[in-house]
Amino acid sequence: GNSASQPAADNASSGDEAAADAAGDEAAGDDAAAEAPAADGAVIKIGGIGPVTGGAAVYGQAVKNAAELAAKEINEAGGINGALIEFQFQDDEHDAEKAVNAYNTLKDWGMQILMGTVTSNPCTAVVEKSQADNLFQLTPSGSAIKSIQYDNAFRVCFSDPNQGAASAQYIGEHSLATKVAVIYDSSDVYSSGIYEKFAAGAKEQGIEIVSAEAFTADSNTDFSVQLQKAKDAGAELVFLPIYYTEASLILKQADTMGFDPLFFGCDGLDGILAVENFDTALAEEVMLLTPFAADAEDEKTQSFVSAYEAAYGGTPNQFAADAYDAMYIIKAAGEKAGITADMSASDICEAMKTAMTEITVDGLTGEGMTWTADGEPSKAPKAVKIVDGAYKAM
Amino acid sequence: MVIKMKKSMNKNTKNNFITYGMVIIVFAIVQLLLATGHVSSLMGGLLVPLCTYVILAVSLNLTVGILGELSLGHAGFMCVGAFSSAFFSMVTKNTLPGGLRFFLALLIGAAAAGLFGILIGIPVLRLNGDYLAIVTLAFGEIIKNLVNVFFIGKDENGYHFSMKDAISLDMTVDGETIINGPQGITGTPNDSTFLIGVVLILITLVVVLNLIHSRDGRAIMAIRDNRIAAESIGINITKYKMMAFAISASLAGVAGVLYAHNLSTLTALPKNFGYNMSIMILVFVVLGGIGNIRGSIISAVVLTLLPELLRGLSDYRMLIYAVVLITMMLFNWSPKAIEWRERVLPKNLFGGKTKEV
Amino acid sequence: MTEKNKIMLEVKNLSISFGGLRAVDEFSISIRKGQLYGLIGPNGAGKTTVFNLLTGVYKPNEGSVVLDGTEVTGKKTIEINHAGIARTFQNIRLFKELTVLDNVKAGLHNQFHYSTIEGILRLPRYFKVERAMDEKAMELLKVFDLDREAEYQAQNLPYGKQRKLEIARALATNPKLLLLDEPAAGMNPNETQELMDTIRFVRDNFDMTILLIEHDMKLVSGICEELTVLNFGRILAQGNTSDVLNNPQVITAYLGE
Amino acid sequence: MVDVMSFVSYLLNGISLGSVYAIIALGYTMVYGIAKMLNFAHGDVIMVGGYIVFVFVSTLGLPPLLGIFVAMILCTVLGVTIERVAYRPLRMASSPLAVLITAIGVSYLLQNLALLIFGANTKSFTSVVAIPPLKLADGQLTISGETMVTILVGIIVMVCLTLFVNKTKAGQAMLAVSEDKGAAQLMGINVNGTIALTFAIGSALAAVAGVLLCSAYPSLTPYTGAMPGIKAFVAAVFGGIGSIPGAMIGGILLGVIEIFGKAYISSQMADAIVFGVLIVVLLVKPTGILGRNIQEKV
Amino acid sequence: MAMLEVKDLEVYYGMIQAIKGISFEVNEGEVIALIGANGAGKTTTLHTITGLLQAKSGSIVFEGKDITKTPGYKIVSMGMAHVPEGRRVFANLSVYENLKLGAYTRKDKAEIAESIENVYKRFGRLKERRDQIAGTLSGGEQQMLAMGRALMSKPKIILMDEPSMGLSPLYVNEIFDIIKEISESGTTVLLIEQNAKKALAIADRAYVLETGKIVLSGDADQLMNDESIKKAYLGE
């Protein structure tokens, strides 16, 4: 497909201004963030869904913030085809049933496009409803295969299998290790999904998985056993397809027990350097396959990060980047499809579906992203390594 | 005298019918609103979950209010009902007609949960008070944990089973994973409807209310009030405790079936099947008045709707919810508030009078 | 042996220890059908413990209990109740939140039957049996002058009536032997007098054998035909009421004056 | 040889984890034993303690000991306030479950307050323990400074609490209140005051537990207290709820079982194993390891 | 001035009025009996005096101080003890611990041991069972413990709710001797008894309660010979 525009780059400059006034009135992260209806009242209503309370709140809050930031920027730059965006975000507490409630709430509000949901499992439940309504859905971070199983749904992030396979491939091709241990969250869809495909990919690459130990959401403070097993099995590399909260504990405990293998993770690990007060020395040499790194030197990332920090105080993680991209992708596809505020959700969906496969977007999480009709993005994963407390592209 | 007794029997029959009537009237009103398009998507989507929680609350009230034992593992039974029935529905998705399939799924969910109720009841019911509570909590967590490491797949060679991961199922490429560990079951047919939900509520009510006012129910409440005295008049403690526990479990299983066939994805997360959910159901029961079935229904509905209605408050939503919960508890249970209410309000709103069914 | 002289309860050498304390030591008693028998003795003598042994709350270390020809030693409480022993408790144990009527109907539990399914589906038998239970229960309540309070919650009854209700509930199990633990405790003399009449009435009209523990001598001497006196877990005296009450040992250990 | 080594190391890790459960369980069991209520919000007071120390020590740079002291005071105030506002009015309620539910409400409240104030982002906690880890067997085995301090503090707390309850007048009052509030009042005991004191002590302990929990496992979120709270409750039951040494033993055992379960049976089923063992223990000894078996006299 | 003065007391259980405006007084050194049928409100009256229940209206004055609103535990330290209905011993504590708790308000630590010995002297059975868990004591033994425990606070006035309930005849006599003794040693006594005859025999004055109201009062001897009393409460 041909390139619609260069949304993120276009707005990178205006991002700073946005950040400047965003800091003033948006610090509280108010829902009404992007409520700036045009004079004629023509707005495109975009809904967002994700957990902003409960154990997974950290992901939902990042998405909510970044999406609001993007919506504001887009509106300041004139909106989509002249229509401004009205963005509303609803909490799903990382629960499928609540996600459906959130979806219905947004529908009652008049949502035309859905940017969500943040986590995989609720996403799988919601896609069922959006498909029935023929409503365009773009999830920033729902990574399970079935989260976008219908033709109205697309995603920004990689799918779990993709990440698992890519990680195995990367480790194999760069001969990082032959003996690998895995520590994963067996109660989490994302983590166990990646693990499965990683295991399959490892076989192909001739990598030996010497230990694969799980933990669960209910026992995620102590990882001494998993580490001990990896150590005893002589693992050279420990693969961590998990989120950074647990990873930060794993790094600390490995350090305490004097175990120093290579640590390799996926996008969930991104954000670890941003943990307030975290001793980044522990994360030295950690590698991760992620489309986004907040410390990247490029201008796009830099301006996004500073705008985000100014508005919400805190470094954005990869979820935020996905969400920010998602809004610009919607803009790009919307412009390509020529959607207008008075179109029905279903008409918008039909137009967007086609447009998605025709656009190319340069975003924070990938250059030249394109989509296939099955909703999967095509973009190159970046491998980064933490060196001197900062991400360094490999 | 006989006349007076008849009156008392009629009184509880009448009371039961008020409860049934309440449910039916609400159902009729909602149907009317649905037909005229006055129901928002949110409310429309909440109808089946509301039925699920009402059944859960009523069934837990049987254990907590009537049997008098604190159970913190009710969500575990719901989980068993949900997974067993969803598995059945997945397997027979293409072979059985929808109605029959769902009916069988209901029976299977109820039976499986009831069976677990009995299995768990054997050790649990030997304990008392808070020890019983903690063991039910433990069982609930065990069920949730085990469901998360359950893998069942099917290919042309038949069924495969593993407790490790999907890879260990060793299936051929076109094999389909039916239960995929933490990813659970995806693609369960959406068979649950509001009508079915309401019918199941009514069935639950009939079972629970009629049980309470029968010979067996009296035995169960006698055990609750004084175990030693109940033994001394020849009531079989184990049998009746087990009966109440198993019925309560299998009704929770029914709620699980309803839940599983409402969403297309079913996973056992702490949020939906962990102790948090068990406690949530307990909150319905206690807020509505322990032993007060009608109160359970009302508080399940109110507390399920409340967080949804508070969505407009965005970030403050759950905070306000917590404050409202605490306030309602104080208002409903504190002796001072009750006294004040009795004086000021003509009649209790709900749940004021406890242990009355 | 004539019907009247039939032995209802035969206890031999019943003993139990709590730690080092021999609370009941070689207790033997023989009660004939239809007798009103008293068990008395100082505080802590082991009277309530005897009741607990007879009803299976405690398992005896030694000894045997035979009820109406059936050995019930060491059986479980509910088996013993099924065999025909019912009791009341020193510290009242009612089903507090049930109505007075339901307390008695709970007592009738094993006298009337219908299945759980019949109960839940309310099949005709449910109504028939429940009605019969109601009638029987009201009949019993009337005996104890409790019929007007049938719909009260048991816990709202005054103390004296609670004691009576406990007796009614025990009677409802259709026992052969009724054990009453201090039925007159907390009653004033008039109420005690009334209670004596009721106990006699029960014995006569229900053809009941009754063993009771009591400290109120007026009641004991007024209605008991025979007495056993316990002291420190052992039998101090046994025999007909007036003999026992005039026994100097009993006077020193128990009655005083 | 390796097997013995790893066994020992699992054991040490189990004790480390268990010591954290134990110190939380001490506060739990204290409040349960006296006030006869399952304070589901206890775990969240721990979380609050963690945040207070985080703010004062990691952010404002106060010396750790002073930070802990401040946390203890603030948590005490918090605990007593919660008791006064949310629990006391329900003390005479017709069912003890009422106050249990309110405790759940308080737990939600604290979590969501923390969420609003601090956000959902994980904060990394700087350990307040400056002791280097103890290395044994050529560095193959390590015992972290946090573990040593936690165990030490646990034992000190256990001994002090036991002495306090058994030897002081206030302790005697607590025993009486836990038995029968009305009768306690007739002895001249200030029941409300005694329960408030219990909450004060329990909450101060929660602050200490919070600091030690976050030092050993340095990630802090609004939900940090929830799971350790539940585990500590389990530990307290394990040891015999209401028993102070029981809480200590129960906590450590729970940690060891959890680690051994993960190590030798299945890391995926660690929770099932822990809870399974709990059930077995309770079936063998229905009142927990050190629980007194109280028989009702008929 | 009376030591304890109750005026126009009204007490409710929720909506139910149990005490309907009663007034009475107890002078220092007296033994006052409160008699009445089951459910007359005797227990309720005592509970209200010692602060276990709150009065709806009326006043309670103890040694010149209005204690109507005073928290119960303070009333105890002012020198009032209460042997409650149903004994209320601390079931899981030993006999000794129960007695020690009885002395909770006392400051003279040294003499507590002596007081315990005094109680043991009065109730020999308690001495034998000093380490037994109170809940496993027999009914009568628990009654003795409740009495002993109340005495441990060295009260100026002691309120007793059916102290003879469940006691053997020998002990009933003894209990009344003890009450007399207590009274003679200077402690004021307010006594509820079903055993009205014995109560009136040792009492100076008595009040008769019927469904929440005082229907009769006067000197004990005088009441003992009152025909209506005889009929209603003495069983003659």
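All chains are identified by letter, namely A, B, C, D and E, in their written order; residue positions are counted from 1 within each chain.
What we mean here is this: contacts are C-beta pairs under 8 Å (C-beta built on N, C-alpha and C of every residue); 3 or more make two chains touch, one makes a residue touch a chain.
Small disclaimer: the values here were computed from a predicted structure and weren't measured.
Looking at chain A and chain E, the chains that touch each of them are B, D.
Looking at chain B and chain C, the chains that touch each of them are D, E. Of all chains, E has its CA centroid at the greatest distance from the CA centroid of chain B. Counting C-beta pairs in contact across A-B and across C-D shows that the higher total falls to A-B. Mean C-alpha positions place chain A and chain D at a centre distance of 36 Å.
Chain D and chain E, compared by their mean Cα positions, are separated by 43 Å. Centre to centre, using the average C-alpha position, chain B and chain D are separated by 31 Å. Chain D has residues 112, 115, 268, 271, 296, 298 in contact with two or more other chains. Each of residues 136 in chain E touches at least two other chains.
In chain A, the residues touching two or more other chains are 52-55, 186, 216-218. Under the contact rule stated at the top, the pairs of chains that touch are A-B, A-D, B-C, B-D, B-E, C-D, C-E, D-E. For chain B in complex with chain D, the touching residues are 64, 70, 123, 126-128, 130-131, 133-135, 137-139, 141-142, 145-146, 148-149, 163-164, 228, 275, 279, 282-283, 286-287, 290, 315-316, 318-319, 321-323, 325-326, 329-330, 332-337, 354.
Residue ranges on chain C touching chain B, taken from their complex, read 55, 57, 76-78, 81-82, 86-87, 89, 93-99, 101-103, 105-107, 109-110, 112-114, 116, 119-122, 126, 129-131, 133-135, 138, 142, 147, 150-151, 169-170, 172-173. Looking at the complex, you find that chain D touches chain B at residues 32, 38, 40, 86, 89-90, 92-95, 97-98, 100-102, 104-106, 108-109, 112-113, 115-116, 230, 233-234, 237, 241, 266, 268-269, 271-272, 275-276, 278-279, 282-283, 286-288, 296, 298.
Residues 1-2, 4-5, 8-9, 206-207, 210-211, 214-219, 221-222, 224-226, 228-237, 243, 355 of chain B are the ones that touch chain C when the two sit in their complex. Within the complex formed with chain C, the residues of chain D that make contact are 298.
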